[in-house]
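Below, each structure is written out as structure tokens.
There are two complexes below, and they share subunit A, which is joined by subunit B in the first and by subunit C in the second.
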Partner chain A sequence: MADVLPGERPQLAPPVDDTGPLGWVRKNLFSSWGNGITTVVLIVAIGWILSGFLHWAVFTATFDAKSGAECRGHGACWALIREKYRYIFFGSFPYEQHWRPLFAVVAMLAMLILSSDRRMWNKRLIAIWGVGSFVAFLLMFGQIHISLGLILFVALAAGGLGMILRGAIATPGELNGWRALAAVGALGLIGRITGVIPTWSLAIAPLSYVETGLWGGIPVTLILATYGLVFAFPFGILLALGRRSNLPLIKGLCVGFIELIRGVPLISLLIMASVMLPLFLPSGMTIDKFLRAQVAVILFAGAYIAEIIRGGLQSLPKGQFEAADAMGLNYVQKTTLIILPQALRVVIPPLINTFIGFFKDTSLVLIIGIFDFLNTANQALVDPNWAGFPGEVYLFAAFIYFCFCYSMSRYSKHLEIELNKGTRR
Partner chain B sequence: MATAAQPKQDLSHAPSVITLKGVNKWYGQFHVLSDINLDVKLGEKIVVCGPSGSGKSTLIRCINRLEEHQQGNIVVDGVTLSNDVKNIEAIRREVGMVFQSFNLFPHLTILENLTLAPIWVKKMPKKDAEEVAMNLLKRVRIPEQALKYPGQLSGGQQQRVAIARALCMRPKIMLFDEPTSALDPEMVKEVLDVMIELAREGMTMICVTHEMGFARAVADRVIFMDRGEIVEQNEPEAFFAHPKNERTKTFLGQILHH
Partner chain C sequence: MKRRLFAAAIGAAALVASGSALAGKDLDAIKARGAVICGVPTGIAGFAAADSQGKWIGLDVDVCRAVSAAIFGDSEKVKYVPLTSQQRFTALQSGEVDLLSNNTTVTLQRDTALGLDFTAITYYDGQGFMVPKKLGLKSAKELNGATVCVAPGTTTELNLADYFRANKMTFKPVVIEKVDEIRAAFYSGRCDVYTTDVSSLAATRVANTPAPLTPDDFMILPEIISKEPLGPMVRHGDNQLTDIIRWTQYAMLEAEEYGITSKNVDEMLKSENPTIKRILGVTPGMGKALGVDEKWVYTIVKQVGNYGESFDRHVGSGSLLKIDRGVNKLWTQGGLQYAPPIR
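Our next item is the complex of A and B:
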């Protein structure tokens, strides 16, 4: 130690025990006899299972085969996936047109990924979703006919909403614009209903028409889950607000609806939507099966989302409501400017967790004969040429579901941290 | 102290802005306000005190209809309070309120907290609202905090923001519900100073507080409440020097000798 200058401390290596990878192992895996034995047993068990799996899935697997017969006697038959993946991904959509559902899926994923960035959470996002959804559905359908009635209805709804939401702060000019829009919509609708204005529709038909019965696979699962939640979300907000309403009728309706939906399994709702609903409709009137399933998913998700949002509303201190009231804000202003922004911030992470559940729950639509991703995977097994390899197909389907759900789960964690960082309470 | 017994201002010709006649309110069986009669003149400053649970908050919250009274009549600025939402909103535009726990909106900046009501309720253009807000922030001496969020401010600063927020609506009347009791002692003065300034400018104020120095400095009248009743009221010097009622004496004994 003589060559150490005064005032300087010799750089001694830390005790070997608890640093470095070896130290970590010793501290965490072999800290005691019991701990050590558990570690060894588990490692052996995991190794045994893993080697068995790899033996089946990789070393003895068949990646290339003309039919299932060639796979027999070997390990995993991945050739089946190779043969069937187009069907599993896109169902019965005309084969040579598969680029359409592919781009529709890309569009939807792009919208979802854009929406995941907090900096994008503004009015532009609504426009992005409007355009993106239109493109996605145009790709899927190939042709979209927008009837005059629908256009007029949208004009009326947009004008009405503009008058309500912007009424308090819009300039007179803007307000008159909303009024004019609503008036045109209302008058036009009256004209349509009374028959003064003839029926007409705007046809956008760049591609061949593909009906929903032929849709299948990933786009179906994505559409059901995404639009199920896009519509269930505002619906859930309204239900949650209604549940807190002072008006007994509205409150009763909302409570009744939420409890009713939460009291039955999604399957029974889907079956009701597919089997019973047509019985109530006037003869000659049909509603697309896909649309019925979509509505059932929306109603179901809405009830659950309502309960989550209610939790967020309850977490707000009473003083926030009182301060808003005392300023003279009306109910709509108080709710949209003060209450919801705070309540939603609280419930975003639990909401995303429910979204993960709903993404998987959409697979139940196979019960009513809609070919979502799990169902197309199922159908791939039916081919007699390739019979007898359910494990491979379900493993593949599980892997795809896992990719989606795991990314959502990671996102939820990330967002939770980010939102907590931003709490300024 | 020769002028001590003199009233601070002559209000005998001032018009009434708040009138309560025979107001009663119950929470279930509990009689929280019993037969309250009160007449507040334009420009008058009233301090309300009394033991906890005596109904002080309930009384002032009835004035802007945060609570509903069940019997009697409340007239504010010529408008009789009823269930009519239009009436309620009209009154709330004229009456500012400051709460014990500030109740700033945590998701909005200080400036947005201030401009919210002028923009949405008064439909003021945003730029004008921001100008008004900045002037008021200067008046409460925190213009430099305008772009921060409430959580980044101290309690005293938050309460001053809350006062400025209420003033943004240019109210005729200000209600204060124990504005300093949630504050650390060293911050009480900065809030009281702002309130005293406001009083000097002639604002009509009803203030629930136990700050007796404040009452002496600005109040025209001190009201003592107990068990839902107005037990005694007088101008501050007389009220503190010669309380008449036994309950008032006990209460004053408790708060002045602790």
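Our next item is the complex of A and C:
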């Protein structure tokens, strides 16, 4: 009291029922009669549902059983998950080699987590994805054969792309590097086609070969969603740019493609890829079922991403385009240096949203007989020894999906705040 | 109508595709590849389903294993391709699989217009109706106005419509693709009746009735409204492969008829019975005629079992499904399973 100046009153602490937990409860839960009643009713309802759920899922549940018959008459049959979790996660992949899909999934998750760090958003990311994808697919396939033709084609494509994109802004040395790469690719391909260079393929085969028909579970879901989006992203950028192009033919093609794909459900694309496409191929020629589904997902995702990116392009003020023109930049320079970096920054959160959607949409591949995570969970229900416990299996599947999707949506939110720091007050 | 046009389109495409096929081509491809590619259903309890280790097991799967045993002397040289009922014919026509063992009903249209061939009947099934007992029904003739759960795109759906039209009754279909969802819809009361093949109804009733209901709360009505002979299919064009698949099934039946089982097959090699000697290749000739190893039946029975063993293990008394052998008994026991002699 001594430090109170004459003529002033000491500041009193607020009343007890306005502060602390009690105050919070009073202010937020029981501020009026109506609120009080709502609170009580909801707490009772939540408690009732939760106690029922816990009774089923924990207190009367069976955690250890030899077959479903031992579970009958009790609560949840978690013994089923215990028996089937390896099948649900990895499908028909050879049982004793389940470490391979496990590490492939770890590699893919590591790539996704590394890509989520903004400090990695540069050339390093391409290297990470190149090495990571190679490791993941090597683990899944066990053996990878890369034909010389493919290597040459990639060299030609990379060299050509580098020449176009870096055309006027690269140092002469770099440009010559791209030119050399493209020339090697082109000459090699010509040699290959005319038969001057013999057939040869790079075989990397440390493990036993496992075909895509045996893949299942989490790796399939992750591969379809991740690579669906990775390949759809550049494709979507081209489509979005094409849709804004001044050339009527390109614009028409892009608009037609986007509207056609967006106008049909993913299921119909998958059915087309799996039922109609084989009929158009020559007899005896088949394209891997998994690859067909992957291409269908890429086409579908491409159309959606194109529209998202178009939104980003439209959000840019016209001044940016004009300023780029005034600087004397050509179309490629304008797009890669000025427009896209700004447009893509805007659309990253909605892109992650799309990724979450596709992560779940991939379960539609069931209708063409590919076993992604949800479908292996479904398959676990078919075993007559364990039939009759769909609730447990679907809860488990839902939990795993939730873990993936919730972390992605948290990340999306975090990123939204990060990217908008410049414009936030 | 749409479906029929679609089927016609597939049929036409298949005719074009199969025109260039040569005899023996598919078998050569199988041998060169070192594995039979077998189209199986995407999970039907007892017929084809993956176990906890991801291995395919079931009655349909045993057909594939037996064919592999006949061709390679090893029942494990099979690649399984799970196919939905919409995909299966295209997959076979386009060469994605070598044979379908896919719970497929033999019909004239499928045998002809689709450009496919049936081999032998591995399972005689028929479509029936399952209802809750509390409805107090005695016969399918009383089902007028009922809500019926049925899977799309199968003969089941067509048979259902035919049966109700023929008996001047109406019904409200609830069409659901996934078998688990059909079951859930039926058990939750969304439909009064669940119709599919009796084998599947029996399996559903025993294994899938959710607590607190019990299997005794449900009954299968006595009417069987269709013939559903199920059997493996191949493309037109390779008669030798067709023969091998057909006689693989017959061999499993013959083995059962003559009492050859996976347990006693080694002793049976010493049998004096000339028929058994011919079947097991002790007296050579049969394998050569078929273009496989003389020990083909021995391998099939040793590694897969005879038909009765396979039936009991997967769907019959040795399994949880406990489907009555019924018309699938051997002809000697009053059933329909009758194999032409191996001689």
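The rule we apply is simple: the second predicted complex is superposed on the first by the 409 of 425 C-alpha atoms of A that agree within 3 Å, B and C clash if a C-alpha of one lies under 4 Å from a C-alpha of the other, contacts with A are read in each partner's own complex, and residues count from 1 in each chain.
Here, a contact is a pair of C-beta atoms (placed from the backbone, for glycine too) under 8 Å apart; a residue touches a chain by one contact, two chains touch by 3 or more.
As the structure is a computational prediction, the values presented were derived from the model and not from experiment.
Trainee: Evaluate whether subunit B and subunit C can sit on subunit A together after superposition, giving fit or clash.
Mentor: Aligned on subunit A, subunit C fits beside subunit B.
Trainee: Look at A:95 in the shared chain and tell me whether it touches subunit B only, subunit C only, both, or neither; answer first, second, both or neither.
Mentor: Second partner only.
Trainee: Answer with first, second, both or neither: which of subunit B and subunit C does A:333 touch in the superposed model?
Mentor: first
Trainee: Once the two structures are overlaid on A, work out the angle subunit B-subunit A-subunit C from the Cα centres, in steps of 10 degrees.
Mentor: Rounded to the nearest ten degrees, it is 140.
Trainee: Of the partners subunit B and subunit C, which touch A:279 in the superposed model: first, second, both, neither?
Mentor: A:279 contacts subunit C only, not subunit B.
Trainee: Given the touch rule stated above, what does A:314 touch, subunit B (first), subunit C (second), both, or neither?
Mentor: So A:314 meets neither subunit B nor subunit C here.
Trainee: Which partner does A:341 reach: the first (subunit B), the second (subunit C), both, or neither?
Mentor: The first partner, subunit B, only.
Trainee: Touch check for A:289: first (subunit B), second (subunit C), both, or neither?
Mentor: Second partner only.
Trainee: For A:382, using the defined touch cut-off, is the partner it touches subunit B, subunit C, both, or neither? Pick first, second, both or neither.
Mentor: Second partner only, subunit C.
Trainee: Considering only the touch criterion stated at the top, classify A:201 as touching first (subunit B), second (subunit C), both, or neither.
Mentor: Neither subunit B nor subunit C is touched by A:201.
Trainee: In this superposed model, does subunit C or subunit B come into contact with more residues of subunit A?
Mentor: Here the partner covering more residues of subunit A is C.
Trainee: Which value, in Å, gives the least CA distance between subunit B and subunit C in the superposed three-chain arrangement?
Mentor: 50
Trainee: Of all the subunit A residues, which ones make contact with subunit B and with subunit C?
Mentor: On subunit A, no residue contacts both subunit B in one structure and subunit C in the other.
Trainee: Once bound in the complex, which stretches of subunit B touch subunit A?
Mentor: 64, 66, 85, 89, 92-93, 95-97, 99, 101-107, 116-117, 119-121, 123, 149-152, 165-166, 169
Trainee: Can you check the complex and tell me which residues of subunit A touch subunit B?
Mentor: Contact set of subunit A toward subunit B: 168-169, 317, 319-320, 322-330, 333, 337-338, 341-342, 345, 423-425.
Trainee: For the complex, which residues does subunit A have touching subunit C?
Mentor: 69, 72-73, 83-84, 86-87, 90-95, 211, 213-214, 216, 271, 274-276, 278-279, 281, 283-286, 289, 366-369, 371, 375, 378-379, 381-385, 387-388, 390
Trainee: Could you list, by residue number, the parts of subunit C that touch subunit A in their complex?
Mentor: Counting only subunit C, the residues touching subunit A are 10, 13-14, 17-18, 20-21, 29, 42-46, 49-56, 79-84, 86-87, 90-91, 93-96, 177-178, 180, 184, 203, 207-211, 319-321.
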